[in-house]
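Structures incoming, each one as C-alpha cells.
Consider the two complexes below, in which subunit A is the common component and subunit B and subunit C are the respective partners.
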Partner chain A sequence: MHIPDAFLPLWQSAIYWIVALVLIALALKWAKNELSEDKIPLVAVLSAGIFAIQAFNLPVAMGTSGHLVGGALAAIVLGSPYAAVFILTLVLIIQGIIFGDGGLTTMGVNILNMGVIGGFVGFYEYKTLSGAGLNRYASAGIVAWLACVIAAIAASLEMAIAGTFPLVPGLIAMGTYHVAIGVIEGIITAAAIYFIATARPDLLAENVTTEAAA
Partner chain B sequence: MIEHLATIERDAQGTSRVHQLDARVKILITFAAIISMVAMPYSTAIYPLAICWFGLFIVWWIFSDLSPRVFFWRYLMTLPFGMFIIIFQIFFKNPYYDVFTPIITLPFGISIFAESVEFATILALKFTACIIWVILLSSTTPMEDLLQGARRLGLPSVMALSLGMMIRYLFVFAEMYANINDALAVRHFNAFSRALSYHYRLKILAYTIGMMFLRSYEQGERTYIAMLCRGYGKDAYEHLEKKRLNGRDYSLIMSMVTIFCVTSTAVFLFWV
Partner chain C sequence: MNISNTQFLIGGLVIAILIGGLAVFLASGDPDGLESTALYVQGEKTLTGPSPEDGDPEAVGVSDGFAYTAPLPDYSMGEEGGKIGEIFAVFAGILIVFGLAFIASRLIAVKTK
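So, the complex of A and B:
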C-alpha cells in the first residue's frame, strides 16, 4: 500500500502533500496540546509498535502475505483521529527515509491513505458502532477492516488517476487482497485492544475519559 | 524490515567523506535528486536522465566506502510493492500512449504491448533513480544525525522529539521482535503452516503483537523515566544547538542542485 516515488506525477504528489500538510498541522496541534510528559512514551512506543507490527508478515491466501496498517489501532488507543495521523506520519517518515518503503514525494499521499483514512474511519466508525451498543472489540475489528479496505481502494484510485495502474485491475487486485488482509487486521486489532484493555486498561484513552467523567 | 535496523545503523556509522557530511547537505541533495527525477514526464527522456543519476550516484557511493553488496541488499529490500506494479504494467494499456502494439498474445485475451513494456521500463528506471538516493542517505547518516538535521531544517520539535523516542524504541522492538520470533521458532510455531488451524495461528499472532506492545511500552516507560532523571524532557529538541553549514557544504549543495536542475531541464528541452 506504500506508493513509491515516481508512481505519481509531481503535481499530483504536491496536491496530496498540501492536503496532508493541513492534516499534519492539525495533528501537531493535537500533539502540542495532548502530549504531556507521561504520554510521550505511549505515542513513541505506539509509533515504534505500528512500525514493528507492519514488519509481521501475516498469511493471507495462496502463499501470499500482507501486513497491518495500524491507523485504527492508534486512533482507538489514543482516542483521537489526529493521533493516528501523527503516529502514521512518524512511521512513514522512518519507513520512507530509512528503509525506502514508500517515497518522499509520495509521503503525502501515503499519510492520507494510511494515517488520515485509517485514523478518521477508525475513530469515528468506532465511536458510532460502540455508541450503538456493539461490543468494544467487535467494533474495533470492524473499523480496522473498513479502514484497511478504504485505504487500499484510495491507493488504487490515486494510481489510476496518475495513469500508473488501471482502475479496474487495481481495484480488483488491491481491493480483493486488502479485503482479506483487512479481516486479519480486524482480528489482530480487536485482539490487541482486548489484550491492552485486560493487561493495562489505563493505556486506553476511552477508559481514562470514562474514569474522569465518573 | 525491523530486523535489519541494526545493520543499516552500523553501515551509517562509517567514517568516509560522505558519512562525515552534515546530514542537512545529504537530505537536501536527496530531495533535489528525487524531485527533479519525479518532475520529468513519463517519456523515453527518462533513459538518459536515469543514466546521469546512476553515474552521479556511483561516484557518491564510491566516496562512501561502502560495499556494492550493501547497496544491492538495500535495493532488494525496497522492491516488492514497486516491482509488482511495474511488472504488471506490461499487460495493461495506459493513458500515456495512443496506440498499443501487441508483441505477445496470451490465452484469455491477455496481451503484452510494446508500449506498455516501454512504460514499465520508464517506471522502473524512475523508481530506481529515486530510491538509490534514499539508500545513500540512510546508509551514510546515523538516525540521530538525520533527526537533528531534519530539526535544523525546520521539522517541528514535537515531531523531532517523538521521532527521537520512536527511534530509541525501534531498537527495543527490534530486539523484542527477534526474541519473540526465536521463542515462536523454538516452539515450532509457523504462521504459514497449514497443520495448525487458521484461528489458532491468528490468535497466537494477535497475542504476540499485544505482548510485544506491552513489554516494549513497559520497557520504554522505564527508559523514559530514567532519561527524565538525566535531564531529558519533552523540550529536548526545542533548543537544539545551532550549527551553521560551512562554505564547502553550501557549495556542495548548490553544485548538486544545479547539476540536477540543469541536466533535467536540458534533457526535457532536447529530448521530450
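So, the complex of A and C:
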C-alpha cells in the first residue's frame, strides 16, 4: 500500500505531510510520557519484525500479493495508537530513503494510511471487541483485517482526489484486493500477539493494565 | 516460558532476519494491492485476472515533480547483485530499523529509575 511519489501532486503531498507531522509530534509526546524503558526491546523487535515481514509479499490470487502492515499489531501490543505512528514512521523512513519503497513526498500520506489509520482503528476497535468479551486473538485478527481494509479505502479516496485512480473502479479494486490482503494482516497480527503473550506476557499492554488494576 | 529482555531482543531479531531471508526466496512477485489497482484502472488487468509480466503501475501517475533514486532500490543491489544482493539489502534494512528504533526509543522513553 506504499504510495509512490508519482501518484500525488506535490501540493496534496504537502498537505498530507503537514497532518502527518502533527501526528508524529503527538507520537513523540506519547513516547516521552508513556513509553517506559522496559518497553524498548519490544519497540525495537516490533519495528525490525514489521520491516522484515513487509518485505514478504504473499500471494492472494487475482494476480496480486500483499503483506502485513503492522499498525494494528503495534497499537494493540503497546497499548496506544501512537505506538503504531511511532513505529510505522521509523519503518517508512527507512523504506523510503534506502529502498525506494513508498515515495518521499508521499511519505506523509503513507504514515497517515498505515501508521495513523492502522493504529487508531486497531487500538479502538480492539478495545471495543475485547471489552465485549471476544477472545484476544479473534479480536486482534478482526481489527487488523478491518484496519487494512479501511486504510485501503482511504488510499483509494486519496487517489481519486489526486485524479490518479477514478473513484468507483479504484474503490472496487482497492477494496477487493485488501479484503483478501487483510486476511494476512489478521492472521499474522493474531499469531504475533500469541507469540509475545507466550514469551513475555508482561510486555503486553493489556496485561500490564490488568495487573495494575488488580 | 518467560524470557529475559536480552533473550527477547536477540530472539526477536533472529526471527526478523529469518523472515527477511525467507522473503528473498519466497515472496510473491505479483504486484501489491495498490499496484494491481493501478494496472486495473489502466485497463492492463481485469479485476480478478492475472497481472501482466511487464505492466507499469506507475504509468498512472499524475506528478513528475519529484524523482528520487534510492541506494538499494526494491530491496536489492540492482540486477547484478542477484539474490546475494537482495539478502544483503533486506538484512541491512532489518538491522538499521532495529538500531534506529532502539536508539530512538532509548533517547525518548521515560526513565524508570
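Just so it is clear, the second predicted complex is superposed on the first by the 209 of 214 C-alpha atoms of A that agree within 3 Å, B and C clash if a C-alpha of one lies under 4 Å from a C-alpha of the other, contacts with A are read in each partner's own complex, and residues count from 1 in each chain.
Here is the rule we go by: a residue touches a chain if its C-beta (ideal position, glycine included) is under 8 Å from a C-beta of that chain, and two chains touch if they have at least 3 such contacts.
Bear in mind that the values here come from a model prediction, so they are computed numbers and not experimental data.
When the two complexes are overlaid on subunit A, subunit B and subunit C occupy overlapping space and clash.
Of the two partner chains, subunit B is the only one that A:I188 touches; subunit C does not reach it.
After overlaying the two complexes on the shared chain, residue contacts for A:L21 are found with neither subunit B nor subunit C.
In the superposition on chain A, A:E34 makes contact with subunit C only, while subunit B stays out of contact range. Of the two partner chains placed around the shared chain by superposition, subunit C is the only one that A:S156 touches, whereas subunit B remains out of contact. In the superposed model, A:L167 lies in contact with neither subunit B nor subunit C. Of the two partner chains placed by the overlay, subunit B and subunit C both lie in contact with A:I53.
In the superposed pair of complexes, A:T176 makes contact with subunit C only, with no contact to subunit B. In the superposition on chain A, A:D202 makes contact with subunit C only, while subunit B stays out of contact range.
Taking chain A as the common frame, subunit B overlaps subunit C at a single listed stretch, which among 24-32, 96-104, 132-140 or 258-266 is 132-140.
Overlap of the subunit B and subunit C interfaces on subunit A: residues 1-2, 4-10, 13, 28, 31-32, 35-37, 40-49, 51-53, 55-59, 63, 65, 86, 90-91, 93-101, 103-105, 159, 163-166, 169, 173, 199-200, 203. Residues 1-10, 13, 28, 31-49, 51-53, 55-59, 61-67, 86-87, 90-91, 93-101, 103-105, 152, 155-156, 159, 162-166, 169-170, 172-174, 176-178, 181, 198-203 of subunit A are the ones that touch subunit C when the two sit in their complex.
Put simply, subunit B touches subunit A in their complex at residues 1-5, 8, 30-31, 34-35, 37-39, 41-42, 74, 77-78, 81-82, 85, 88-89, 92-96, 123, 126-127, 129-131, 134-135, 137-138, 143, 146, 156, 158-159, 161-163, 165-170, 172-174, 176-177, 191-192, 198, 201-203, 205-214, 216-217, 220-221, 223-224, 228, 233-234.
Taken in their complex, subunit A has these residues touching subunit B: 1-2, 4-10, 13, 28, 31-32, 35-37, 40-49, 51-59, 63, 65, 86, 89-91, 93-101, 103-105, 159, 163-166, 169, 173, 184, 187-188, 190-192, 194-196, 199-200, 203. Listed in rising order, the residues of subunit C touching subunit A in the complex are 1-3, 5, 8-9, 11-13, 15-17, 19-20, 22-24, 26-34, 36-38, 40-41, 45, 47-51, 58, 60-75, 89-90, 92-98, 100-102, 104-106, 108-113.
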